[in-house]
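A, B, C and D label the chains in the order they appear, each numbered from 1.
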Amino acid sequence: MTTPPDSLAHLNARLLQFARDRDWEQFHSPKNLAMALAGEAGELLEQFQWLTEAQSAQLTDKQRQAVAHELADILIYLIRLGERLDIDLIAAANEKMAINAQRYPIERVKGDARRAGEYDATSD
Amino acid sequence: MTTPPDSLAHLNARLLQFARDRDWEQFHSPKNLAMALAGEAGELLEQFQWLTEAQSAQLTDKQRQAVAHELADILIYLIRLGERLDIDLIAAANEKMAINAQRYPIERVKGDARRAGEYDATSD
Amino acid sequence: MTTPPDSLAHLNARLLQFARDRDWEQFHSPKNLAMALAGEAGELLEQFQWLTEAQSAQLTDKQRQAVAHELADILIYLIRLGERLDIDLIAAANEKMAINAQRYPIERVKGDARRAGEYDATSD
Amino acid sequence: MTTPPDSLAHLNARLLQFARDRDWEQFHSPKNLAMALAGEAGELLEQFQWLTEAQSAQLTDKQRQAVAHELADILIYLIRLGERLDIDLIAAANEKMAINAQRYPIERVKGDARRAGEYDATSD
């Protein structure tokens, strides 16, 4: 009996085939893929830039669909970057979460969101 | 017998707990999470901006580790956005891939990477 | 009698000299400069991502100083891009403002901020 | 006799009027303007993402026009941010250039482009 393929691994294989079918691997240097990912992140921002925070949590169906497509584009380039650089995204996220748990201990940061550098720069 | 939890679903649950433990859900409006994701995409760019495309595919161990952390940060905010907006990232990616397959037919785009709008604007 | 040099033209000359003194023009392809600019835009986002809109308009001196440096970085790369591509930034901005005045007539958009594509896609 | 208004100051006044005419100042919190600027930086990336560095320096007229419009959009939001936060962009750029001159002494960095943190982290 086989376990079902993990969803990211499955997407990765299909995206690689999609690029190969179009002879697009030549354009997919990590540098270029990073640009494409950041370009999609810019499109994501455009969905939210004139909305209040409250509005951003109450999207219309049309807005939510548009956001879903931007998230998809970002995920697609993220997977392509992982493939090109042989980086396991899930392992990297687990590693980063362990770092974050150390960097932001509950008792220190509860209810207070700042960036790591800001905590480090202040005595509290 | 249970199948293993999908990796993204598993990460999602842990990230939600991480935010709740710190009372950070109040800061995690979709608008703010989109900004945080794009900020991390900017950090990813900084890893590659002075490298040639060839160099970007031949990272040192130290560079590769730094890139892995940026990809992790992006994935983390992507998952948080999916959770807050009730968007299934894998389903969205599958839907977007189907759109891309229609938008970029192999015979039309093989070996030629442009953005969709550029193809549409030219007769070829 | 000479008029004082325009501030952007003056900065441009100094930035070009700064790059030449360091033999950095070789790295300043428009592609790379665009990445550097977007990376700085990402740092700008990080200054604001966990602030409310109201807080973003009431920065502490320290926050305001940090934001000023990010705006400076963005302006610097903008000027470098203009120089490399022989684009007059002021003329381009004037041209874009004329386009915007047509795209967003006062009587149509007053008090309603959406992106151009959203106006066009709706009957109102 | 009056000296001509500086180009940035002149643009600033016109952009402020443009926003006021449309009752758009209510949307122009620094947080929102930062998002809009970063969104435009993402559009700039999209112009260059599949071009080689050499191609990015040899744009067609059409590509160059598109890039000019993106640079204009970025400048426009930069000026709006300066206005809202009472930050003098030229003064900020001059201050940042003085910092950069100290951070990147010619004899140390000539012909070698890395980010400041990378220089600091290495013995050379």
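Methods note: a contact is a pair of C-beta atoms (placed from the backbone, for glycine too) under 8 Å apart; a residue touches a chain by one contact, two chains touch by 3 or more.
The structure displayed is predicted, hence computed values, not measured ones.
For the pairs A-D and B-D, the count of C-beta pairs in contact is higher at A-D. By the residue-number overlap criterion, the interface of subunit A with subunit C counts as same, with over half of its numbers used by both chains. Subunit C and subunit D have Cα centroids lying 3 Å from one another. In this assembly, the C-alpha centroid of subunit B lies 25 Å from the C-alpha centroid of subunit D. In subunit B, the residues that touch at least two other chains are 27, 31-32, 34-35, 38, 41-42, 45-46, 48, 50, 52-53, 113. On the side of subunit A, the complex with subunit B involves touching residues 3-4, 6-8, 11, 14-15, 18, 21-24, 26-27, 29-32, 34-35, 37-38, 41-42, 44-45, 47-48, 51-54, 56-57, 59, 64, 67-69, 71-76, 78, 81-82, 84-85, 87, 89-90, 92-97, 99-101, 104, 106, 109-111, 113.
Subunit D makes touch with subunit A in their complex at residues 27, 32, 35-36, 38-43, 45-46, 48-50.
Of all residues in subunit A, only 31, 34-35, 38, 42, 45-46, 50, 52-53, 113-115 touch subunit C in the complex they form.
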